[in-house]
Amino acid sequence: MTTFIQGLTTGILMGCIYAFFAIGFTLVLGVMKVVNFAHGTFVVMGMYIAIFIFMNYLWDPFLSLLIVIPSMFVFGLIVYYIIVKPIREQPLSAHVIATIGLLIIIENVITLIFGSQYRTVTVPYTTSAITVGSVRIGIARMFAAATSLCVVGLFYLLLHRTDFGRAVRACADDIEGAWGLGINVHRTFLIAFGIGSVLAGFSGAVVMPFAVASPSGGLDIVIKTFVIVIIGGMGSVGGALVGGLIIGIVEGIVSALWSPAIAIAAVFMILIIMLTIKPEGFFKKGLE
Amino acid sequence: MLLLELTKLSRSFGGLQAVKEVDLQINQDEIFGLIGPNGSGKTTIFNLISGALQLTGGSIKFKEEEITNLKPHQICKRGIGRTFQIARPFADVSVYRNVMIGALNHASNVSEAAHITDEVLSVANLFNKKDVNGKNLTIPERRRLELARSLATKPQLLMLDEPMAGLNPTEIEEMSELLRHIRKMGITIFIIEHVLQAIMSLSDRIAVLNYGEKIAEGTPEEIGANHKVVEAYLGEEYFIAGS
Amino acid sequence: MLLSASLLRKTLFVLFVLALLSVPFFIRSDYLLTVLIAALFGAYICVCWNLVAGYTGLFSLGHQAFLGLGAYTSTILYVKYKITPWMGMFAGGMIAAVFAASITFICYRYRVKGMFFAVATLAFGFLLQALFMTWDYVNASTGIWLTLQNKPADFFFMARVPYYWIISVLLVISLLVTYYLERSRLGYYMVAIREDEDVAESLGVNSSQCKVIVMALSAFLTALGGTFYAQFYLYISPACVLSIEPLISMQVGALVGGSGTLFGPVIGWAFFSFLGEFLRGLPLGGTAVGVISRIIWGLSLLIVIIFLPTGMIGLGRKLISLLPFRHQKIATQEIGSGISPSHFTKNEKKED
C-alpha cells in the first residue's frame, strides 16, 4: 500500500512536469498545425544549457533560466525561419522528416559537445526530501512540479487574457479570418514557435536538479508528449494538464508496483487505447 | 430497369440531419441530375452511396442488391464509380498511371488494364497528356482525368460531383458532349451540378434537394416550372423557369 | 536517339548486378570487404523501408522492430535450441510479418492513419526495445554473443567473401521485389494509397489489404536482414538492433536517395557510406566520426525536404533533362517521389 501511495505521489508530481513538457508542443500544433518531432529534443536542449552553466558557473538550474529562456527563444525564431516556415503548408509527412532531421542534428551536436554519457546537476537540495507518513517526496521534484503548474497556469492566462493570446487563438481557429481581423499571422506564428521552444527548454532546465540527462532522451519525451496531446486534445492547455497527470500517475503507480519497463508498456497501452477511441482527444480543437 | 434505389436514406451528424429520408430511383441508361442550394446534402448523398460515409437510416439497393454498409472499394467493384467535387488527381504520378489504377479495378491483369487505359484516355481526350504528372494539369484536364479514372473502373453507374465547376462555356459544352457519349457507351449517369443550363439540357430527370430533403422530382421542364424549386433557389441569377 | 526510361533502368540494373558480382575478384582486403558488406546491408534495409514508406506512404517509424525480431529469433533458436540460422531466418521473417500485419490491421480497424500511424509505430518500436532490455530470456540489455567459427551449415563463415555473396543476393532480391512490385497491380495500388487513400478506395483499391500485405512483406525482408546482421557482426543487443539507430539509417538512405524509386535507397545509402568512410580517414577521433556523420544525415534530411523532395534520383533526372538529347522523356517520373501531397492530410469532410 505504501508503495502504491509513493508511486501515486511521484506520479502526480511527474504528471505536472509532463504537462509542462507538452504545452510547447501543443501550442505549435494547435496554432500552426506543425508536428514537431524534435520537441523532446528541445526539452533536452534546455537540460544541457542548464548543465553547461552549472558545469562552468555552478548556477542553480533555476538561475540559469535567465540564459535558457532567451537563448531558446532565439533558437526557436531561427528554426522557424529556416525549417518550419518552408514546411508549414506541406503535408504532415514533410513535418515528420524535417523535424526528425532536426532531432538528429541537435542530438548529435549535444553528443559532440557533451558526450553521450548520462549527466546530472547536483545542487544542495538534490537529495533532500520531506517525508509525509511513509511517503518520501523529493524537494527538487516538488519545485519542478510547482514551477510546472505555475507556468502552465500563466500560459493559460497568456492565451486567454492577452492580445497576443487572442491573436494566437484566432490563428489556430481560422487563418483567413485572423488576417481579416488585422492580425499579422506570420509574425504570430514566428513568436508562437519561439514561445513553444522556450516552454520546452524551460521545462528541461527545471527538472535538472533531480533528473538525469542524455542526448537521446528527446524521443522518450516526445512520445509521452504525443500521448498527452492525444488524450488532452491538440491545442488544449487544460487537456495537456489532464493528459500529463494521467500519464504521470499511471507511470508512477506501475513503476512502483512492478517495474519501470512495465510502466513504459502501460503508457504504450494508453496510447493504443487513445488512438482507437479518439485520436483527436477529448477536448475541443483550436487553442484553449 | 431499376439500377439504383435509395429508400428513406438518412444521415445525421450529432443533432444535424444532413440527409432526411430521401427516396430516389434511378433507371438504367438515364442521366439523372441532382440539384439544390449549397449545403443541401447532395455530396453527402454521394458519400453515402459510395460508402465513404455510413448511413444513419434507410437503405440503398444497386441492381436489386443491398449495398447499404459496404466499403468504398466493394461499392466500386459492384459497378458504381464516382468523381469528387474538387478534382483530386494523384498528383505525383502520370495521367497514365492515374487511369491505370482505375483500370485495374475491372481488369484481371496489368496488360488488360493497359488496354482499358488507352481506350479511356482517347475518349477523354487525354492521350497526348498521358505522361504529365497529375499536379501539372489544368483544371479542365483535371476534371477529364477524374472522369477518365472513374470510367476506367468500368462502372455501370457513374456519379459525377460538379464536373463542370470552374469550366468556361466552351469547356462546359465539351464536357456535356463527353457525358452524352458516355451514356451511349451504356453507362448510367447520376450528376450533381450547379451549372443549371447544362444539367437541365443533359438530364432525363432531375431531383431537387433542400436542407437534406427532396423537395421535387421530375423532368427538367417540370422542375423549371415548380415554384418550390424557384423559392429554394431564390437569388440564383441563372435559374431558367419554364422552357 | 531514343533512350527510353525503362531501358535505361534495366541496363543500369544489370550493370549494377554485374559490378556487385565482380567485386570479390578484385578486392581481397578483408577490411574493404567488411566496409562493402556493411554498406550493402545498409542499402538493403533502406530498400525494405522504402517499400512501405516511399511507395505506399506508410511512415513506419518502428521498422527497426522487425530487424530486431529477425535477429533475435534466429539467434535464440540457435543458441537455445540449436536450430540453424538458415531456418531461423525464415522463422524470424514470419514472426516479423505477423507482427507487421497485426499492427497494420489494428491501425486500419481503428482508423489510425497518417501521423497517428507514425506515432503508433514509433511507440511500438520503443516499447519492444524497452521490453527486450529487461527480458532475461534474451539476456536483456547485455545482448547475445555468437562465436566466430566456420560452420556454413549454421550460417557461420571465417572468411568475409561468403557474407558478401549473401548480402549481395539479399540486396538483389529486394531490388527485384521492388522492381516487379512497381509493375504489378499491388504496386499501382500502393502508389494510389500513398497519393490519396480515399480516392484510391473509390477506385476499387482495398487499401487495408494492400497495406497489410506490403507491411508484412517489408517486415519479412527486413527480418532476414536482422539474421544476417547477427551472423555477420556476431553480437546483438537491444541497443544495436532494436534502437532508433537502424531506423534513422533506413530513413536517411531512402529519403535522401529518392523515396519511391528503385535505386534511390541504394544511391542514398552509398553516399552516406562513402561519407562515413571519408570521415573515418580524417583525424577526428573515434566517436566524433559517428556523431559528425549523423549531423550530416540530419542536414541532408532537411535539405532534401526543403529543397529537393525527389531526392538524389530526382536531382539526377532533372540534370539529365537538361542534357541536349532530342528525346527528353528519359527524365520522366514514372512513379513519382514518395514525399507526397495528400497522404497525411487531415480528412476534410466536405459536407454538401
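Every chain is named by a letter (A, B and C) in the order it is written, and numbering of its residues begins at 1.
Note that in this section contacts are C-beta pairs under 8 Å (C-beta built on N, C-alpha and C of every residue); 3 or more make two chains touch, one makes a residue touch a chain.
Remember, predicted model here, so these are calculated numbers, not experimental data.
Relative to the centroid of every protein C-alpha atom shown, the closest chain centre, again from C-alpha atoms, is found for C.
Among the other chains, B has the CA centre that is most remote from the centre of chain C. Centroids of chain B and chain C (each the mean of its C-alpha atoms) stand 41 Å apart. The distance from the centre of chain A to the centre of chain C, with each centre set as the mean of the Cα atoms, comes to 32 Å. One simple way to say how far apart two chains are is to compare their mean CA positions; for chain A and chain B this gives 48 Å. The residues of chain C that reach two or more other chains are 340-342, listed in rising order. Only residues 57, 59, 61, 106-107, 110-112, 114-116, 118-120, 122-124, 126-127, 130-131, 133-134, 244, 248, 251, 255, 287-288, 291-292, 294-295, 297-302, 304-306, 309, 339-345 of chain C touch chain A when the two sit together in their complex. The touching residues of chain B, counted against chain C in their complex, run 13, 18, 38-44, 50-52, 71-73, 76-77, 81-82, 84-86, 88, 90-94, 97, 100-102, 104-106, 109-110, 113, 131, 133-135, 149-150, 153, 192.
Of all residues in chain A, only 35, 82-83, 86-87, 91-94, 96-98, 100-109, 111-112, 115-116, 216, 219-220, 223, 226-227, 230, 259, 261, 264-265, 268, 271-272, 275-276, 279 touch chain C in the complex they form.
The touching residues of chain C, when paired with chain B in their complex, are 183-185, 188-189, 191-192, 195-196, 198-207, 329, 332-337, 340-342, 350-352.
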